[in-house]
Amino acid sequence: MSEKEHKVSRRQFLTYTLTGVGGFMAAGMLMPMARFALDPALQAGGDTDFIRVTSVDDLTEEPQRFNFTIEQEDAWYTSDVDRVAWVYREGDEIVALSPVCTHLGCTVNWEGNEDYPEQFYCPCHFGRFEKDGTNVPNTPPTRPLDVYEMEIRDGDLYLGRTVQR
Amino acid sequence: MHRGKGMKFVGDSRVPATRMPNIPKDYSEYPHKTEAFWPNFLLREWMVGAVFLIGYLCLTIAHPSPLERVADPNDSGYIPLPDWYFLFLYQLLKYEFAAGAYTVIGAVVMPGIAFGALLLAPWLDNGVERRPLRRPIASALMMLGIVSIIFLTWESVDQHDWEAAARQGAIVEDVEIDESSEGYEIYMSQQACIGCHGDQGEGGAAGPNIFENDYDAEDYAEIIRNGQGEMPGDQFDGSDEELEILAEWIANDGQDAE
Amino acid sequence: MLQKIYDWVDERLDITPMWRDIADHEVPEHVNPAHHFSAFVYCFGGLTFFVTVIQILSGMFLAMYYVPDIVNAYESVYYLQNEVTFGVIVRGMHHWGASLVIVMMFLHTLRVFFTGSYKKPRELNWVVGVLIFFVMLGLGFTGYLLPWDMKAYFATVVGLEIAEAVPVVGTFAKTLLAGGEIIGAQTLTRFYAIHVFFLPGALLGLLGAHFYMIRKQGISGPL
């Protein structure tokens, strides 16, 4: 029989088999490694505890900067991390804003620039936010400042993690 | 070269037994003034390389590579800046058409188009003409790209406050402040102080470390009252007595006066 | 003596043709600054490679002291720069070389562009060259974090936020690069691995392809 009468020639068959075995070896080697590398991206974020920040009585209409410390777990490294919140009282409501600029993660300051009173100001790309955290149109940020989840127990303010609005 | 029947090999190996003579090619009769890569041309290259290396080493000795203080993710006042060759991209994100709702344009679309066009240049500019003036569109676009990169980098350098940047990154000696002291309590009650100097007095982009100078208490009180440089005066809203305690506390490197 | 050793090896391995092939390829007149001074623009590619070699060597030596760990990274860099003899020079070479390699590569790219050297049949070599450019930028970005000082940390924070702006895959890409939601211990080890193993591996492969193609196709002719 000549080679032409075969649907798949001997050489082709060997080439296919070779490719298959090669593919198996590559997949067998790389699959564990790929999953290994992807692990952090596929892990669900953990819960954060609520931390006491201040007494409710200390809050004013003017946003004040409060520091508090959370225990942060970064893989094998646990550390105490300072968090900052801008907290103010609006009538009976309490608002706790994250200082992280929603543009590129720099830190905003209340009245951080003399030209923009009554606003949060980000020095990196000059983003601005109103007192309630909404971004000023035509400045770089695209969404309002994140707010902290909060609880009030026995007249004390407890803050949890930040949520996007 | 000898081929086929009668070839001789070294032992039972596949290395031919006939040696190729180790003499350079003769370039003298070639048309044009070409020359051998080794050693003629490479020597010239290496002479250029040697001069370059001297300049390079002078640069490294004259300017030790910078190292700021250890990363402190908690320092919220730090104004970041990428390395200089990313500045144009960083600057682009400051403009209205590339920021806000259009951040995608500044961060993805514009660099994507620019670098995509660069990658695909041989197919976008597929004529046979090679002289830059004979393919004006390609040359003009490239010039536009170069000019905008230089312009954006320039703008970014111009807008950055380099003094503040040097201050905020400087390596400072640790000052152990006494957090139970009266001075610290007064300091923490002054929003105007913490805003720029941080809650440990460590300073940041807006103000220096309050402990880094060696003034005495009276000077500090004076500075707090009247301001200094960019620091405004009249920010302290406590009593004169408190101000005195605070000034003592700063002069004493974060401890109450005895 | 040397000649005898050479002959001994050559008899067994026939090495003469290998290196004569490299030595005897001709370099045309129009790229030779000895004939036209303006031909110095053809030096930039070679200088890029020269700086790359310095980067690889100085990086290998820096790794003798450097620890990719957030507690010790900064301390080890501080130590090698301030306590080790010539540390300031070796780190300086790596630091300034990172900038120089970008400058030289930029100039080389412009030379190739404005002499139209990327046209048929050299399209593929241009593409490989642009890929080398991307790899170099990646090396610059990942290397910037490694000293773990203030500017390193915050530049990376901003860089990763830019990555997050990419639609659809942005957040995933950011978490993958940072090794989690926090920019911290895992980010540093990841950037270290990318900077020291993944990207240099890719770079060496691409450089090999780049040089092979130049050798095969020759330098583009005069304008």
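Order as written gives the chain letters A, B and C; numbering starts at 1 within each chain.
Methods note: a contact is a pair of C-beta atoms (placed from the backbone, for glycine too) under 8 Å apart; a residue touches a chain by one contact, two chains touch by 3 or more.
The model shown is predicted, which means the values in this text are computed figures rather than measured ones.
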Query raised in the report: So which one's got more C-beta contacts, A-C or B-C?
Result: B-C
Report summary line: Looking at Cα centroids only, farthest away from chain A lies chain C
Query raised in the report: What chain lies closest to the overall centre, CA atoms only?
Result: B
Query raised in the report: For chain A and chain B, what's the span in angstrom between their mean Cα positions?
Result: 25
Requested in this report: Round to the nearest whole Å and give the separation of the Cα centres of chain A and chain C.
Outcome: 32
Query - Centre-to-centre distance between chain C and chain B (centres being mean Cα positions), rounded to whole Å - result: 17
Query raised in the report: Could you say which residues in chain B touch two or more other chains, in rising order?
Result: 73, 78-80, 93, 103
Requested in this report: Check each residue of chain C and list the ones that touch at least two other chains.
Outcome: 70, 157-158, 162, 184
Report summary line: The positions of chain A in contact with two or more other chains are 103-104, 106, 124
Query raised in the report: Okay, in this complex, where on chain B does chain A touch?
Result: 73-74, 76-80, 93-94, 96, 99-101, 103, 191, 194-195, 199, 205-206
Requested in this report: Provide the residue numbers of chain C that touch chain B in the complex, in ascending order.
Outcome: 10-14, 16-17, 20, 22-29, 32-35, 40, 43, 46-47, 50-51, 54, 70, 74-75, 77-78, 81, 88-89, 91-100, 102, 109-110, 113-120, 122-123, 126-127, 130-131, 133-134, 137, 140-141, 144, 147-155, 157-159, 162, 165-167, 183-184, 220, 223
Report task. Within their complex, state which residues of chain C touch chain A. Result -> 70-71, 157-158, 161-162, 172, 175-176, 178-182, 184-186
Report task. Quick one: which bits of chain B touch chain C in the complex? Just the residue numbers, please. Result -> 10, 13, 15-16, 19-22, 24-25, 27, 30, 32-41, 44-45, 48-49, 52-53, 56-57, 59-61, 63-73, 75, 78-86, 89-90, 93, 103-104, 107-108, 115, 118-119, 121-123, 125-132, 135, 139, 142, 146, 168-169
Query raised in the report: Along chain A, where are the residues that touch chain C in the complex?
Result: 37-38, 40-41, 43, 45, 72, 74-77, 103-106, 124
